Each structure stands twice: as C-alpha cells, then as structure tokens.
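For reference, the structures are reproduced in the following blocks.
Shared between the two complexes below is subunit A, which pairs with subunit B and subunit C, respectively.
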Partner chain A sequence: MATDRRVAKEGAPSVRRGVTRRTKMNWVFSYCMIAPLCIGLAVFYLWPFVQNLWFSFNDVTKFNISTFCGLDNYRKLFGDKEVWKALSNTLKYVVVTVPLGMCFSILLAALLNMKIRGKSFYRVLYFLPSITMSAAVAMVWKWIFNEQMGILNSALKAMGMSGHNWLTDNRTALFCIMIVGMWMTIGYNMIILLAGMQGISKTYYEAASMDGAGVWARFFHVTLPLLTPTIFFVMITSIISGFQVFDAVYMMIGKTNPAFDDTQTIVMLFYEQAFDYGHKGYAAAISVLLFAIILVLTIVQFSLQKKWVNYDE
Partner chain B sequence: MKNKKKFLSLGLVGVMTAAALAGCGSSSSSSQTAASDAAAAGSTQSAESQGSGEKVSLSFGIWDENQRGAMQQMVDAYEKENPNVSIEIQLTPYKGSEYWTKLEAAATGGTAPDVFWINVLHLDSYEQGGILADLTDKIASSDIKDSFPEALLNNYVRDGKNYAVPKDFDTNALWYNKDLFDQAGVAYPTDDMSYDDLVALCKELKDKLPDGVYPFACPVDFQTWYYQTIYANGGYILNEDKTATGYDLPETQEGIQCWIDLINDGYSPSANTLSETGADAMFEGQQIAMNFAGSYMLPEYAANEQIKDKIDCVEIPTFNGVEDNVINGLGYAVYAGSKNLDAAEDFAIWLGSQEAQDIQGKTGVVISARTDCQKDFAEANTQYNVAAYTNHADIAYPLPVCLNAAELYDTEATWITKAYTGEMSLKDACASLKQEADALLTQ
Partner chain C sequence: MSNKTEAATVKKRVPASHIVAHIILIAGILIVAFPFFWMVVTSFKTDGEAMQIPPTILPKQWTVDAYRQIVSGLPFAKIYLNTILSTVVTTIGQVVICSMAAYAFARYEFPGKRFLFMLLLSVLMVPGQIFLIPQYTIIMKMHLLDTIPALFIPNLFSAFGTFLMRQFFMTLPKELEEAAIIDGAGRTRIFLQIMLPLSKPGLISLVIFTVRFAWNDFMWPLIVNTSTDKMTLGPALSTLQGQYRVQYPMQMAGAVLAVIPLVIVFFIFQNQFLEGVAHSGIKG
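Then we have the complex of A and B:
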C-alpha cells in the first residue's frame, strides 16, 4: 500500500499533465449536472435539518424568537404523556400496516405478473391511489366512514345490520386510518415488486418446472427468495413512511373527535406543537426523536439483511 | 437483477428530481417576492423623496372567500380616492390554521402583507412578537374613537396602545327550520325565550319529528354554546389577571352541564355524531330542527338552495333571566415591518371610516363594527330576523384571551369532549382540565 501511494505521488504531476482538456471538460460538465440536485438538497434538506437540530436545544416561540435552553425540550419530551401516547399509536399503525400492506402488495404483484387478460388495466387501477392527492383520498374515505350519511353504514343497514360510528369510536378509528393508509400505498409498492418480479430470469422457473415444482412451490422457492432485495427496499420505505403518517389522520380526525387521543400520531403532535401552538423548539425535539427512531430501525434492518436478503449475481 | 437495480436507481433519480424541482419552484417564487419587495422598497424611497405623487403598492391579507368581493369594492374605492396607491388582496384560507402559519412565516421573514386581518385570539402573540404597528396616534386623530363600541375598540388595545381598527363582529342566534316545525305542528321559537322554554320546545318536538331528526344540537363548541351559559350563570374561564382558570367553579360547570343534559335526554345527536358531521351540516341537511349559529354562518345558510326559504332566526334564549351572547370579531392590523408603513396605516384607518364600513356592511356578509353601520347587516338580509344578532350585542361577552389561547381552547375541547361523550363526569373532566390549563397560563 505504502509503495503504491508513493508511486502515485511521484507520478502525480505526470498524471495531471496527462489529463486532457476533454476529460477536464467532462468533469466540469458532470459537476454542473449534479449541482442543481446537490444545491437543492443542501438548501432544502441539509440546512433545515441542521437548523431543526439547533431548534431542539432552544425555546423557540412564534416569530422565531429563540433562547437557548439546553436539554429542557428533551427532558419535557420524556415526561410528556401525550408524546408516548402518540408514539404508541404510531407504532400500532406501523406494526399493522407494514406487514399487512406488504403481503397484499406481493400478492397483487404476483397476480398481475401472470398472463391474464386486461392486466395493464388492473395495474393502472391499483396504481391510481398512489397518484391521487392524499388529502382528496382522505376526504372521500371520511365520507365513506361517516356515521350519518356514509356509504359503508348505508350498505350495512341495507344488509340488515346496524351502522357504527367508525371514526369517532376510539376502538375503530385507528383501524379506519390504517385501511386508508394501506389503500393509498399498496399500489406503489406493488409496482416496485412487479418490476422486481419481471427481473427474475425465466430459466429459474423452467428449471423448477422440470424438477416438478407446482405454482406454489415456484412462488415460495423461486419468486420470493429472488425478490428479497426488492422486498427489503419496500420494507424500509414502508416503515419510514409508516412512522411519518400524517395526512389521513389530519384530514379525517378533528380536534373535537372523541377518538382524537387514540389516533394522534407523532407527526400530528409535531404539527400541532409547531404550527398551532407555536412551540417550535419542542416540536423540533419531537421530530428529532422520530428521526432517531427511524434511524435506529433502519440500521438494524440493514444489519439484519444479510440473514435473509439474497444478492446472488 | 440488473433490471431491478436499474428500476430502483431510476426511482431514486425520479424522487430526487422531484425534490430538486420542488426546490427550484420555491426558490424562484421566493426570488419573485424578493424582486417585488425590492420594487416596493424602490417605490417607497421615491415616494419619500418626491412626495405623494409616486406610486405606492400595498398588500392586504384576508382569509374569507365570502368577503373577497366586499374587500375588493373597498380597495377599488380607496384606489379611486388615492390614485397613487395600488392594493393587492392576498387570500389565504383560515382552515387548518393555514392563514396563521403563512402569516407567521411571512412576518418572520419580513414579507407579511402591509395590512391584514387579525382576530382577538391571535392579538397577544402578534403584539408580543413585535409584528403589529402601533396605531394609537392615527386612531386618536381620526373619528374612530367616537364611532365604534368601546368594547370592540378595546379588544385590540394592549398597554394603552391600539393595534388594530375594528372590522366586524359576530354574535350568535338560534336558527330554526320552519318546515320541520310546521310538520310537527309546533309553534316557532320566539325572541323572548328562556333556556327552560328551549328545553320545553325540544320536549314537545321530540316525538313529533320524523325518524332520525333531532330537535336541537349540542356540539362541543365554546363560542356558540357553552361560554354564553357559563357567563350568564356567573362562571368564568379566565380570572381577571389571567393567572388561573375557573373550570372548577360550580357556576362554570352548570353552564356546560345544561347542554350535556339535552344530549342525555335525546334532544340532540350524540357528541360523537356531531364531532363527525357538524351541527351546521346537520341543520343544512334538515336533520335537526333548531341550531345555534354565529352571524358568519348566515351567507352559507342563505346560499343553500335546500333550506334558505325554510329557515329563520331568533335571539339566543336567556339563561337565568340573563341575556347571553358571545361577541367576537376581527380587526385590521398593520405590519410593523411594512416598507410603506405610513401608507399602510392610512389605509387601515380608512378601512374604519363610515364609507368603508358601509361598503362592507351593505354586502350583508358580516356585521360592520362601526356603530352607525351595524344596521347595514339587517338591511341587506331582510328575509331573516337578523336583528337577533345585534339586539343585545352591546352586552355580549367577549371571548377570553391570553397568550396561549389557541392551546387553552384545544385543551378545553379535549377534556370537555370526554364529559359530553359520557367517558367521565363533567366534574372529573373539569378537575383535570383546570390542572392542565392553569399550568399553561404559567408558561
């Protein structure tokens, strides 16, 4: 190694002289191409992130009047019942929607990967929720679940059953949110998984068939193992977006909803503290907590991936 | 495998490009604002150096689409009288506190509208943030002091200084659906009813109304329902020096319990139902026969083809023999960091003039705050008995306000809801509420 480096050092001037104008132009061109992205990321992601971190150590009120307060926000955070309640609601949401949503998306992707009539039509159909504005989706579902005029209760009543106050009962409200959340994300995950499935070489299936593997055996022993890198990707992004759930809850559950306490998520709490009450420092601390949780979970997942993700090839 | 990697990287590139594009979008719009700021600054400088002949442009922040027409008429009138001033209306919806979020960010960044609407709820925090220009001198040299109800003017006074010109006010009234009363064969409500009369009316209506239709509605609503009865009953929310709340007083709790009783007696839909569908929506859907509504609801009711010819209003029933109503309202404030401060203040003062308040009042959308223009509201809405809103406005109770008002109201709603749904008794809910709310006041 050491000799290599020395050689490189000695050779450096000649190497630099060896760089052609054309290569230099290439470099300039390349940097120009990535500059908009890098500047955008720095200004709109990195700088706000750093500022947010700084806010969390300050008492920031409305109009950004801030005074340094050390760890006060974090001390308050750990003693705040509302934070723990919101965290447990969020955790429930993730624990239910991520595995269930993944199962549904894999199933759908497998079905739409088969030779069936009109599969492009169904692919579009399942992907539509992903390109619809989430606020609009939540509004529609809010009316579906409505106790008085909702289509769900009307259907139940037509079948002789009694309706239910789905969104204001604290036992059912969070489940309604989960259904909407999954409905919105399944299509997107399905498309990614579908792309993964289409990347699996046909030769594996042919070999499996020749060895006498049926449809199920091929799915469990060929498709699933070879799909694990894609499943891994979908899982990481689903967990992250699950922890950040906000829009459906915000649109469907109002402040005077009796189920508010049992549906408030951690990002909802952050929004309320920052924008309704003007406690920006405290809100920043909440967001840092969320960031830490997601970071730890993602690191754990990456370290566990060796155990189940197949990167052969 | 290669395909998959390609797809993933493509996806990532897509996401990042979107982010970068979003970034470009906001940066270009902010540079536009900067440019217009520079232009505005330029015009001020020239205005200062060359006298009033130069063009001054002002921005005017409002939140109600229903009132955009009235505001535009006033702006047109002002521009006609002051040809050197041009005013641009900036509308941001109130819903989901969007207006305040944007205004706060703009004020922090130095680009707030020169003149903007403000309500009592937000006055303290904006005054303490140094966002509001002191209008005391200009108000003193105008006719505003003698032309507005003192209580409304004082809503915007802190430490003896005026921070806004009153714009309008809102009070409450009892609305009823004449069709439902006719079908039930029950006499309409009257202006001189008491709370007990209201209960008797509910009782009479209950069995005569169609299935699924309730006589009345009692949502968890402070301004239009329980604050009126709390105050009429001698209770209070905040004490004089705003150091403690009065939720523990029996007078306060009685003023809330009287509405919970109506739910328990089956005269009103449950709190769950009302929190989801809303009393106004149910009244407009003819699922309730009577409803309380603020004067700001009138334009919506009057525009609803289904009910507009079937409804009318009367005064809020008295409680313990006391005329009870809650008054709230808006004012025009001036941004202290305005680049055209003098012109902005002049415009705000003019918005309190008889001419401006008459234009606003004649649209019939809100009740103008100026004493001699209050009648405009009734004159513009002759189809209803809207005098119900103004008859006792002079003795209506103002909303309690403090620095953490927004948080206080939310905390209150959370606990009171538990009593409305029967999850806990009102006494227990109020005990927990007082503890939390008092802690808020000491912050």
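Then we have the complex of A and C:
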C-alpha cells in the first residue's frame, strides 16, 4: 500500500492494477466536476434532441397524446406550400442580410482600423444595437415604419415624396425585417472583424508599401486575404443565426398583416405550428428540416473554405 | 524603407482620408442612434402629440404619462424583477456549472472524456429550436409552466459557456498547479483558490455573454410563461404592443425600460463587452 502510493505520487502508472490510486481519484474528481453539466445537458438537450426526432415521426395532439405516423409529417412538409414559402422568405433574408451586412461590417472595421480619433467612441456606439433587446428594437422600428404616423413617411412627404405602407406591402415588408436584422448585427460583426484586422502583422503592410502598394491595394491584397479566417467565422455564425430569425418578425408582423405570408420565416412557422396550433409533431419535423439545412450549409462551407480561406499565419 | 518624400505625402494625405472616414462613420452612427433617439423622445410625448401629422421632433411638452400608464397597465415591477431574477440565476448557475466542467475538461484525463466533449460540441452546433418542444414538455411534466424557475432552468446548462471557459483554462500555465500540488494543496482547493481567481477575464466574458443572452431572450420565456406577472420584459413588450395598439408613447416607454438596464451595464463594462466579443472571433 505504502509503496503503491509513492509510485502513484511519482505519476508512473502501476501496470499490475491497471490504474493508480491517484489516477482513480482524478477520475472521481473529474466526474464530480462535470456531473452537473452533463446531467443538465443530457436531460435538457440531448434527450430532447432524441425526443424531438421521435416527435417528428408522430402525430402529437394538443394534449400531448402521440401516435406513430411514420413519415407522414415529412410527406406533408414537402407538399406544404406554406413551408416552401417560409423557406424561400428565410433564404431571401439570409442571401440579402449576410453579404450586405458583411460588406458594411468590413467597411466600418476598416475605417476604425485607421489611426483616427474617437475610435473607442465609435466602437461603443456601433455595438449598442447588439446589446439591446430585439423585441424592443423591433417595436421601435415598427413605429418608424408606421404608414400614417411613422417618421419615415413623414420625412419622405416633407421631401416631396409619397409615403408607403412599408410593413403591410408584401413587396417591402421582408425588406424592413432585413433592415432591422442588419441594424442589430453589423456592429457586433464589426467588432469581431476589427479584432481580426488588428491581428494582422504590420510586416505585411510594410512589405506591401515597399512594393508601392497604395491604400486600396493594401486593403484588397493584404487586409482582405489575411482576414478571410475571421470573415469565414462571421459568415458561418451569421448564416446560422439568419436562418433562425424570429423576434423581429414576430413583433413587427401581426397575423392580420396582409404581408404575413411573405414575411413568415421558417422559425416563425415552427413557433406557430408548435405553440399556436399545437401541431407538435409537424413542428418537430420543421425543426429537423431547419437543422438539416443548417448542417448541410455548414458542411458545404467548411469544405469550400480551402478554396478561399487563408490559413497561412 | 520609405523615403522622405513618400512620408511627406502620406502625412499630407492622411487627414483627408480621415475626414472621409469620419463622415462615413458619423453617417452610420446617425442610423444606429436614430431609433434610440426616436424611442426616447416618443416616450415623453402625449398620445396626441405622438400621432400628430407632421410629427414634432422633440416633445412640445415633456410628460411622463406614458411611464405612469405602463406601470398601471402591466405589473411592470414584477416583470422587471422576473427578468432580473432570471438573468441573475442563469448567470450564476452558468458560471458555477460551466467553470467546474470546463476545468475538468481542460486539465484532467478520464475515461470517456473525448466522447463527452464531442457530445458537448454537438449540442453547440444544433439550432436551439430543435430542443424547444421537448423542453417545453419536460417543464410541463415538472408542473413548472408559468412559474419563475421555468424561465431559467434549461439555460443553466450551457455548452457554449463550458467551451468558452475550457478554452480559457487551456491558456493558463500548468506550472502554478504543479507548484500547488507540491505544496500539498488538494484538487478542489487548487480549482477554487488558484484557477478561478486566475480565470477572472474568462469568467467576465462568460458573465457578459450570459447576461446579454438571458436578458434579451425572447422565444423561450414567451412559450413557457403566459401570465403577465410571470413574464420577462421581452414577451411583456409583445403583450403591451397587443393591448395598447395605438398608444405609441406607452410602447416606446416600455422599450426604453426594457433596454436601459443593459445599456447602463454595457457603458460600465464596455471594454469587457467589446473584448469578449472580439476574442470569440479569434478563437473560431
């Protein structure tokens, strides 16, 4: 026993007993430390994941009585016009807000990466929207876009133009949601991109200057290529969160809004099916579809990254 | 090295480009700030003035009527308290649970570690909606729907927070622990008295991410709690908007009240906020 302990203290595994006492104690300690998290994740995340998958093969009624229905939910899903419409709305949202938001974020980050005054002032103000509650923000924008009394239409009229029913016209409503979404996320992404720019070694810029590269050349041939890992990260996270857009749509577009169908996103549809209509099985299938789309897109992006993301450093 | 003439032209050119930068940045700031400005000024107008065409910019006569109406129209003090409580409990819970697990994942070897860590990462990659229906069912079976614990229970366990803290622990030098072991300190003591104090910056970013998430969370509290006195601020705003459709000053007052606490916290801890976010990108 005594010798055994000494061996354990020196850290050499005793071959005969498989593991030393010290190692065993390390295991006990580790399991105690991870237990609360693992139990919580198992009960509230891993098991729900499995259950959700099971629900998607069931017809779950309002009173949570479920009967197995095989692929019925999925069959219904692919024939459901509402699902396709919601998918196309969400896709439009992502296709517009991710690249456009990225351009704005990069532009702002590049400007703040210059040695200008008031940098911290700008950083703080641009970040402000991303700490404000999206429900509150959506309410304010709804008031700004208001057809009769909104400040936007009043300003347009003051300039001699005519107002517009921004939020009830199905051609502009989704566009308004996009503006709110970008308004909320540009500052956040800007901070990440700025950190990426500041991580680029000065020697690259010095070398480029020596070769006679101007401001633009340096931006396009030094900054952007070396920023691609950060751009890739921001792109992945923006696409994932773009597919989950909900708060602004829920707050800004009521059920009676004529533009409802043209702004309904996939998560909005999921919420309605699950918690308004109580079609939990069908809603579970919608969430699985969303997961599958995000998963495929993320895998595709990771496999494409070799083509454009620069991991030289 | 760059010669003198080039240095001179750079010196001359810089101010012009800076002016252009400032113009663009200020234009952007106006767009960013305008909704905040409009929210605040509208909240101090009377209903009549808010709906006036053409609108006034600043209130002709500043009034706090909207704030008074909101407090009498909804149990706002209760809603505030619920939001604070849910945010504080979520944050403390995550700090304790995540840092404990993260430390074991960062520093110890144990059977099943790789597998468990992979599971953790996979939770991180799944969109949250996929857990929602079963989580709701579990809370229902626990008879906790429409109660305060419902607001925070699933959020106590965070794969993201654990990952964040693990990454932080990995950056700390191992020598300190080794020295402590030689001094005869136990595992728990090393964790509590050496590692936790050293990981303050990591803990601060975890706190900031959690507070920002918990305060602004919308869909989960909207689903589980339906009585107004059990709500948090986000869903309460939705209720407010539904009940007082055209009382815009009241809606804006609600938005101001919902936004202000976090804005204050942000202004106090702005560097920590910005650093925490900046680091999240470098890690990825």
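Of note:
Throughout what follows, the second predicted complex is superposed on the first by the 268 of 313 C-alpha atoms of A that agree within 3 Å, B and C clash if a C-alpha of one lies under 4 Å from a C-alpha of the other, contacts with A are read in each partner's own complex, and residues count from 1 in each chain.
Basically, contacts are C-beta pairs under 8 Å (C-beta built on N, C-alpha and C of every residue); 3 or more make two chains touch, one makes a residue touch a chain.
This one's a predicted model, so the numbers in the text were calculated from it and none came from an experiment.
Once the two complexes are overlaid on the shared chain, A:285 sits clear of subunit B and of subunit C alike. Of the two partner chains placed around the shared chain by superposition, subunit B and subunit C are both touched by A:233.
Within the superposed three-chain model, A:45 lies in touch with subunit B and with subunit C [touch as defined at top]. Legend: residue contacts after superposition of the two complexes on their common chain; A:222 is shown touching neither subunit B nor subunit C. Shared-chain residue A:183: touches subunit C; no touch with subunit B. Contacts of A:257 after superposition on the shared chain: subunit B is touched, whereas subunit C is not.
Looking at the shared chain after the overlay, A:34 reaches subunit C, while subunit B stays out of its contact range.
Considering which of subunit B and subunit C touches more of subunit A, the answer is C. Of the two partner chains placed by the overlay, neither subunit B nor subunit C lies in contact with A:245.
Contacts of A:65 after superposition on the shared chain: subunit B is touched, whereas subunit C is not.
Within subunit A, the residues touched by subunit B in the first complex and by subunit C in the second are 36-37, 40-41, 43-45, 64, 146, 148-149, 192, 195-196, 199, 230, 233, 250, 275. Residues 1-4, 7-8, 11, 16-17, 19-20, 22-24, 26-27, 96-97, 100-101, 104, 107-108, 125-126, 129-131, 219-220, 270-273, 275-277, 282, 285, 287, 404, 406-407, 410, 413-414, 417-418, 421, 423 of subunit B touch subunit A in their complex.
Of all the residues in subunit A, the ones that touch subunit B in their complex are 36-37, 39-41, 43-45, 61-65, 146-149, 165, 167-169, 192, 195-196, 198-199, 229-230, 233, 250, 254-258, 260-261, 272, 275-278, 313.
Those residues of subunit A that touch subunit C in the complex are listed here as 25-27, 29-31, 33-34, 36-38, 40-41, 43-49, 51-52, 55, 64, 104, 107-108, 111-112, 114, 116-118, 122-129, 131-137, 139-144, 146, 148-149, 151, 154, 157-158, 183, 187-188, 191-196, 199, 209-210, 215, 230, 233-234, 236-237, 240, 243-244, 246-247, 250-251, 267, 270-271, 274-275, 280, 283-284, 287-288, 290-291, 294-295, 298. Those residues of subunit C lying in contact with subunit A across their complex are 1-2, 17-18, 21-22, 24-25, 28-29, 31-33, 35-36, 38-39, 42, 50-55, 96-98, 100-101, 103-105, 108-111, 113, 116, 119-120, 123, 125-138, 140, 153-154, 156-157, 159, 162, 187-188, 191, 212, 215-216, 218-219, 223, 233-235, 237-238, 241, 248, 251-252, 254-255, 258-259, 262-263, 266-267, 270, 273-274, 277-282, 284.
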